[in-house]
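Okay, so chain A shows up in both of these, paired with chain B first and chain C after.
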Partner chain A sequence: MRLSILATLAAAALSAAPVAAQEKVKLINVIELSGAGATAGTNFKNGVDLAVADINAKGGILGRQIEIVHYDTQTNPGNTRAAVQRAIDEGTYAVLGPVFSGPIGASMQISQRAEVAQIVGGEAAGFTRQGNPYIFRTSLSQAAAMPKIAAYMKNSLKANSVAVVWVNNDFGKGGRDQILPELEKLGIKVAVDVATEQGQADFAADAIKVKNANADAVFVYLNEEESARFLRAAKQQGVNKPMVGETTLLGAKVIELAGDAANGAKGHVGLSVDAPVPAFQEFGKKFQAKFNYASDHNGLKGYMAVYMVKWGTEKQKKFDKKGLADTLRGATIKPSEEPGILIETTIEANGDLDRISFLAEVKDGKQVITETLPKLKP
Partner chain B sequence: MVTRQPEPLRARLRLPFLVDQEKPMAEFLAYLIAGLATGAIYALAAIGFTLVWQTSQTINFAQGEFVMLPAILVLASAQFLGLPMAMAVLVGIVAFILLFGFGFKKVIVDPMIRHGVLPLAIATMALSIVMKEGAKDGFSAEAQRFPSFLPAETITFAGISISLQHVAIIVVACLAILGLQWFVTGTRLGRQMQATAQNPNVALILGIPVAQMVMLTFLINAGLAALASVLISPIYLAKFSNGEVIGLFAFIAAIVGGFNQVRGALAGGLIVGVIDSLAAAYISTSYRLAVPLVLLVVIILVKPEGLFGRPEERRV
Partner chain C sequence: MSSLASATTPSRGLMRRIDGVFLTLVLGAAILWFVPIGMGRYGTYVLSLWMVMSIAVMGLNLTLGYAGLKSLAQAAFMGIGAYTTALLTTKLGLNWYASFLLSGAGCFALGLVLGFPALRVKAHYLAFVTLAFSTLVWLVLRNEQWLTGGVFGLSNIPRPTFFGLKTDGALAFHRFTLVITLILALALWWMIRSPWGRAFLALRENPIRAASLGVNIRTYTLLAFAIGSAYAGFAGALYAPLVEFIDPSPFALSASFFLLLMVVAGGSGYQLGPFVGALLGVVLPEWLRFTGGIYLIVFASIVVMLLIACPQGVIGLVERGWLALRRPGKGGAA
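Then we have the complex of A and B:
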């Protein structure tokens, strides 16, 4: 009798185990929570957490709750590789993050070998040109954004010369290499080309260089904290020419850190909680309520990354890692199909995105959208 | 696609006397003032190295973190205690001086110094990690805005744009250092402190309260670090990792100026700040860190006691 009870219990336990395992799907977010990318990474992570909470509250993906794990890369390419490998070894369904382009380039071969989709926040043009079918962006690439910026400087600001300030990492070098030919095409002269370092604290010398170049506008392509420091240094040195940037320069964190020095900054933004898109604004309110600060574009990227996973999984109606990447490639996700994607997003075959974007300006410490730009391939 | 190569080194090596530049001297002076402002901060931190060296014959490898932490404590006081900023500055600085002036001496220096200077130096390395990671985990890994109490305007004088904030940093830091120099050389208490630094055994025989003098030195070090923190954080933003750069440059400044002289630390800080600024301007931002290190090597080879230091001999 006792033996039969034990056998029954054992059978029940064995049969229950797969059910318990099936209740969750594991997602690992490999992200910059310290180091130079802490601001971008923390926003991305919080966006991911918000999406996971929303999805789990509504029953999860195909009935499974999401189990989210975050690994801090410390903005270090070596650590990122190790974290992506660990994520793969631990059976993540898809890899989320990182945001910085250098660590993405250093780690994406690992997810490619494992045939697992890696959905990242990077904007450098290079990493989607390497024929990796498992890498996916959550934002426009520099290749899509820079022609819009150059045209804006020429047509709206009437700039004939521009000072270019960039950060000497994959993100900054990629941006610089994309903007220079665009400026040249439009006949805009580069008055001074200033390279700065990731994590640089003192921008006084760079601001003086820019001031003395006397260009019609200043194109600033730095990471968040460095953007804020540069804006403050430029104000200190009395640089009074328009500061133009791409998304980062106009981000909420940069505005918060730079204070008054951010006022007047202009440029192109791919994602913004201030954009005239009700779903973005709704996201912004939820984010503010949960984390007590305003999300920047990286928060939106993290949120959309999880919803890309959800949409792809529900589309293929199963949890197939390779199938997820196959489903996402070439897809157009519409908010009518998946409200969490917030805005119609086309994923190109190489992992680049196409979607509407915006021109914006910082006024009185707030980002104000001045124009909505259409998709490149409407 | 057209790609443009970075400026060649020759083009970047534009020196101020070359005639093909517009307003070269004005530009040079702007770099000089910016360098002096940063250098004044390095000097404040470098004095900490000299003070600790004089009283305990060791190097405080947490000196950079001593400059980083007061700003974090100020922001934490404002955030967690809900204090207005002026009160938060007061509370943060007093808390820092108690913890890392009084507490540093009592908890780390006193127990460790009995085992020699090397264990103490290693203890300060550990302390720097604890301070950095503590600030990161206990407050934030992200940079935080820190209010400036100095004017933010720019004035133009003789064709040169001058940041009033930079001028104010130079003035405040130099006044603090000159005040310290006057205190050390011109007051009875200061001379007792100096005597303690030079020979604590003889000072004790002469009736000087050596223990109090050493404690006073550590409190002054903490106070100067807090001042440096309040001055630099509006520019660098308050972040747990700020101490790495400041500590390194202050260490170089202390060696360049002379580890055993306050005036040496002042001169070393200003020299390193100016060289850093000029290197960023006329050579490359990528190599700006290397130039002060080259200076450090040259000083060690040519004048190991530093530009203003005095040679010391030690019996072992």
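Then we have the complex of A and C:
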């Protein structure tokens, strides 16, 4: 009896092993799991893991299971380049990540040379303007988001002067360089322009500068932890003007860390688990259940990145690396075709995305969507 | 490496040790010429990165290991070299060789200027001055966007050509880096063997005795510091075309600490120490990736244990072991 069971098991193992090996498709996620980008990168990674688990549970892509590997970049451009090179050498079908734009800039030529699609979480405007046809975003770029936020400050908040607070890294500086001309176009005066440091702990001095400037609104463009610290400092210093942000300011992590101080923060959100899109909320619940905390926009980006790969592969009906990039370029992915994309997404020729986005406000410790903004080119 | 050990009787022992180092360098270079074949571009890139970091560590080894100066500005000098080369090759279209020499010369000159006042004070005061300099350089790299590209960095840095041969491929650039590394390592080997090198050593062992023997302490410490900085500049000039993109982050203060760690872990004051140290700092974390999410914790634990077990670094441990084997009962001498 025992022998026969063993024999059956052995036979099963023998027959299953080669099939399983054949049926896998390798995806490598090159991501910030340590260093300055660890919060963003970990969210992106978890989003990727969630999507892979979902897809594999439903039979994989074209019948093949996804084998996912994560390589940490330490948020360092040189290491990112090594990791992307390794991913290409190991035959990844597409490169996922990273999120920070410096490391993206250091590594995107590698995937371009290998003609492999690289689907990244970066929002800085620059890297899709270099004519690299293999780079793809998973969110709106700052160039797309900032005109919306400037218009919001002008039209809804009736602001004539704005204090701009930004973090001096590629993300913050990129956003600041995008919003200033937009504000100028609408005739909004920049009352004070405050640069802060990545990883800064004490924002009291910055909050006082903002308070003294006495602008009609405050535009806060910092990474998650720093946003929360700034909101707390601003509350302590009695800054009572509307706090306006773009995606990060209204993120789940910021609301959790800032507590009461986050209430009243307003702004533009590209991706949010609180948006009035059932698919987003469904994702948010699944993410919460699996990882025991609320996902921010980077979790959504990671999730969608895998589904972009799935959609492109099923569209071209084969596993062709270059073909995947060709298929994605210029495509519009509808949730009716691929529910995992969550909302209709148009991929432009340079890798930028066009999607609907949202205006939101934090009320009683929750992000509440107040308005849905249409796609730029509906 | 075998004859490393016999540094006991002053002149003959030193000669024999140096020959061993020379042979190891040449033999190592010959092996490294062929190692990347069939290795893939990732492995080749990591090897190239290792050699580039070795050059910077060699410079710091001269400053710290031979002249005994604790500098916290090595990564800053590397940044100056990298940005000099990147700007000269991308914006002015200068060829890489000229940029390389200018990067080294620039760092040498800056080393002199920085070292002159700093070396009037000793020990941790130099560390403070270099710490301030390091922060200053990083701020300039980040804030002067018109020149350095600021936080967005500089991209598309061209790779050099070698007598008409392009080094765009990973293997070609690896071999190019290898040749430059060997030249710089041999230059340092020669220097250590020269009266200069003996003066550096004398300074480290006992400055007062060195002075009484007629060594001009100020000049030699300044020279050691400037040459060490020039090596960082050379390393930067290779780093920029290797990564083809630079931003301020790899040249921040933490990177200077990391270079210092590589010197100490490899074996400060040993010619081959920098190669072992950079191997630990660059290649070991990459190799440890198989441990998954905890690889940096494993890496840090290994380094801590290593430094507890052998405060003189890996080469120091090898030398001690060798001495113990050859002359049992007499113990090691460094």
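In this section, the second predicted complex is superposed on the first by the 357 of 378 C-alpha atoms of A that agree within 3 Å, B and C clash if a C-alpha of one lies under 4 Å from a C-alpha of the other, contacts with A are read in each partner's own complex, and residues count from 1 in each chain.
Everything that follows uses one rule, which is that contacts are C-beta pairs under 8 Å (C-beta built on N, C-alpha and C of every residue); 3 or more make two chains touch, one makes a residue touch a chain.
Predicted, not measured: the structure shown is a model, and the values here were computed from it.
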Chain C versus chain B on the shared chain A, clash or fit after superposition: fit
First (chain B), second (chain C), both or neither touched by A:T73: neither
Touched partner set for A:L257, first chain B, second chain C, both or neither: first
Chain A-centred angle between chain C and chain B, computed on Cα centres after superposition, in steps of 10 °: 50
Which of chain B and chain C A:A233 touches, first, second, both or neither: first
Which of chain B and chain C A:S141 touches, first, second, both or neither: neither
Chain B versus chain C as contact partner of A:N298, first or second or both or neither: neither
Partner chain(s) touched by A:N168 [first = chain B, second = chain C, both, neither]: both
Partner chain in contact with A:Q85 - chain B first, chain C second, else both or neither: second
Greater chain A contact set [chain C / chain B]: B
Chain B versus chain C as contact partner of A:Q109, first or second or both or neither: second
Which superposed partner A:S34 touches (first chain B, second chain C, both, neither): both
Closest Cα approach, chain C to chain B, once both complexes are overlaid on chain A (Å): 5
Common interface residues of chain A - those touching chain B in one complex and chain C in the other: 33-34, 168
Chain A-facing residues of chain C, complex: 40-43, 45-46, 49, 142-143, 145, 150-153, 155-156, 170, 239, 242-247, 249-250, 286, 289, 293, 295-296
Touching residues on chain A, where the partner in the complex is chain C: 33-34, 70-72, 74-78, 81-82, 85-86, 88-90, 101-102, 105-106, 109, 124, 126, 130, 168-170, 173-174
Touching residues (chain side chain A, partner chain B) in the complex: 33-35, 38-39, 42, 168, 177, 180-181, 184-185, 190, 193-197, 199-202, 204-206, 208-209, 211-212, 214, 225, 228-229, 232-233, 235-238, 253, 256-257, 259-260
Sites on chain B touched by chain A in the complex: 1-4, 6-7, 22-23, 27, 30-31, 34-35, 37-38, 136, 141-145, 152, 154, 156, 161, 163, 165-166, 234-237, 239, 241-242, 245, 276-278, 280-281, 284-286, 288
